[in-house]
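Everything on this sheet refers to the single structure shown next.
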């Protein structure tokens, strides 16, 4: 009896950038080609499928170089049962205007998209379709689906969505800023992290106590004193009222490295709560420049010295 | 000849929380009751009307205790010609389910709202309308308008929108988290700030240079060394690629206070760019507890002493 | 066959405050009453007797509340083979004017003392012996010995030295500042420190690399980030030229405590050299007020948490 | 009528290194060659002559690369009426063994010197005069004087003292460490500092309040945040008991520079007391490497920007 093919969740529907990211990631990991890809209608639903063990991992967007962090992802990872990031991918963001076959640009009266896509194409739209009405959709892929059903004339979406929904590319590269990219993460249930590659990131959720104005400076100092750079820091409301935040952070380095481990101990001691969101290889392959005194070798030497002097051997 | 009534912009359409905030603010300011309130379809459009001098000020949402910052507002204030915040207001967030008169809860098949409203009412919806389909709208007020036109069965919106669009409140208080609130700001062209009230905030946009990992720690130190607490800090992408940020910050205190002025000088010296977004009274009326050495009186004494010793009088 | 009585070194000659400190310390330790006390003519010679194992420990002065640190002691502990502080004592400094029996105050033409004693009695001398000449001696006790030999008329020394050298107290309490005290330390070859008492100090020598202007700030940060207060910090020249220093430091806490151990690891990583000079009970019995997050219990919890998440147990 | 020649004080007697420093300094300053040089028997007496206006300035030693700071100088500058440093000089330390003409090395039974000189020549003495007795003198020049009077056989002093006291150089370069040097300072009543040369030092006395363990870190941060390096920091007892210190500090830069002025304002705000001890040209001519944001030009731009935004001009 063959075991069932592994199931992977993603923020759907089919034809989103997230599906494209999941396909690229599975190829890179050499995953079982029989794997089943399951679209979910929200980040929360995709992650809950992992928590419920109905999928082995979920691909979700984390941040976008134009729109910023994807709040839903940050919040869903920060609360509920623990999950960890296993891989990250950066995909270029590239919008096309999709319509039913035969549609001319001049015929487009309504353009649908997720509200996040509209500002990224605003200048193109006002130059090329000044009179078209923009309409909100739950996702860009959903906008494409609705165009396929005839509800709207055109959708802003990835060019690859055309094929999924039987549409044509009316105009490609309609985004205003070139070079935009989205960062996707593959998330699973907690496992022991894969070994350090020398080019890793560690993601954390840091909850500070109430009414503690210097807390962020304290948090940054825990990283700085051990020579660890942060590549992202976001404040997010906890839901407890204006001014009550947690921080979502990406740091250079791997939890198995001494400097990262010691920083995590420091954060655990001073924060109201710390959640580990995984150590995983960096998409950009960048290696940190370690300053004097923070390498694993220097930590080992210092620890051996401490053991000696505690024993009176000096 | 009577001068024309002043015009105020807000993020529309009519019936949004933002309109409610603008009305409350004008009442509090004792503004001309003949003032004209002009709805705009986006934060950018509302702020641009101020930049173009077609309105004297605009009311826009800045952050929400559940959903976090309103990225569009942060970004629109950070770029383009300079604007300053004049007032802030905190309004409780309270969603109602609105439908056409005579609609029974059991008849609701489709519920429209801005994508941000849906997660705030998710639990109520799954408990009370498990089979209804949720549909995206450009704003909650727009959702109400479309319900009025018969396009959808119900909308998630503020209860006050019912009257505007001829709807009925099918269910009130349908949000999952009570105590949520939104912070709105009234924004105008640059003016000299009103005098310090002793309970003020100063808002800033801080752009750091590229590849400068310790920059955030430096920025926080400029505040900390002068005893200034931050009440909000957000990282936002500049649009230049993943990992390239600016910071949007609210600090305790008023630009006319010495410690705030000196901190601004420090930030201007170390940041690639600093934009002043205004000093204005705090909505919560909280007064900072000044630590030793940072009051205006202590600054004056120290400056007088420096002048004396530079003169050789010691 | 009886074992030989233990031998203890001290900065002599007999009749110095240092001998008084050694006697008090041995009483407190309940040491063998047959112990032999051996005077040495310099701090270096006393410490070298411990290094050569001809004595089991040496009592030497470390700092004085009027004159400051005893440079010879700081330097002799910092260089040469390692030694550790086992106990500290604070003794009040109290000078008397000693003379041969029968000497009248009016007869005193010459007053001898160590150069450090003269400034501590300057005002008394100019008020009471305005015409007497002051003469340098190698130590106050040596001054008393020379007075006994008839070389000078009077000596500034501890009152207890009168008996040792057959002198009389011509005037007691002749020091200008009351409340002055000297801190003495009992030093031995390296041993594993006695267990923490909850009121301990840890002494260190920290050598920074050349041309490293921010090094002192880095060093202080290693302590501060772990909530460790310093009770003494001295810069001392290394002998390598003006501007080339090492730091001699006393910190609150015991090397067996987690926060102190982690700080030592940090210092070892960033300093050119660290020498451990012992963890020992505080003479004043003061207990540190630990800030949140730095107790041994909080360290243990954080370390257990780190082990769990490294294992994928979260 | 000719005005009287200016009088300069120095730590005497004639023939000390301090006299040599004063002569060199007056030559460098192109001072009146008729100036009168007045020796004083202590640093305190020399400085008091300036306070009493009986001399125009005093030359005193401040620190030695082997023995460390001259406590008497640090303390006398820190207390009493205010004085300022006008110039600094570094002179190499070089000891000779001086005796009466015709003395053979083999005849030397007693060697006199200030107690600070003995440890600097210890190895030479034990190698070449193992049986000679060392005797304390009030200063090295005084030791030479006493040798001239026949009281002792030889003195450790600067070679230039031989001529002053009619002695011969029995052995030159008898110090153990070559390259040692002493830093001397010329001190006057407070005057407006001479203009910045681009290579200056500023000396300060910083008194911290009682029981304020983090004060030193705060003080260093006031310098660090403005990119100012310290070239010397000494803790000195205030006389108020073990553990009660003030700090004597030399910082790079000149009081007329913006970054130094702002740091002084910061120190004045947080310290119990600050005493300015002068801004003066560096003896070594070194120029600080200014980090981004701390030049006078950057301060001016930032101040002009602050004035604009306070005015509402943005």
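Going in written order, the chains are labelled A, B, C and D, and every chain counts its residues from 1.
Keep in mind that, in the parts below, a contact is a pair of C-beta atoms (placed from the backbone, for glycine too) under 8 Å apart; a residue touches a chain by one contact, two chains touch by 3 or more.
These numbers were taken from a predicted model, which means no experiment stands behind them.
Chemist: So which chains are sitting against chain A and chain B at once?
Modeler: For chain A paired with chain B, there are no chains in contact with each.
Chemist: Between chain B and chain D, what distance separates the C-alpha centroids? Give it in angstrom.
Modeler: 58
Chemist: Can you compute the centre-to-centre distance for chain B and chain C, using the mean CA position of each chain? Integer Å is fine.
Modeler: 60
Chemist: Residues of chain C touching 2+ other chains?
Modeler: 221
Chemist: For this assembly, give the contact graph shape among line, ring, star, complete and other.
Modeler: Topology of the interface graph: a ring, with each chain touching two neighbours.
Chemist: Pairwise, which chains touch?
Modeler: A-B, A-C, B-D, C-D
Chemist: Of all residues in chain B, which touch chain D in the complex?
Modeler: Interface residues on chain B, with respect to chain D: 82, 84, 190-193, 221-222, 225, 255-256, 261-262, 264-266, 268-270, 274, 276, 292-294, 298-299, 301-303, 305-306, 309-314.
Chemist: State the interface residues of chain A toward chain B in the complex, per the touch definition above.
Modeler: 44, 63-68, 71-72, 90, 114-115, 119, 134-138, 177, 179-181, 183, 213-214, 216-217, 220-221, 224, 229-237, 239-245
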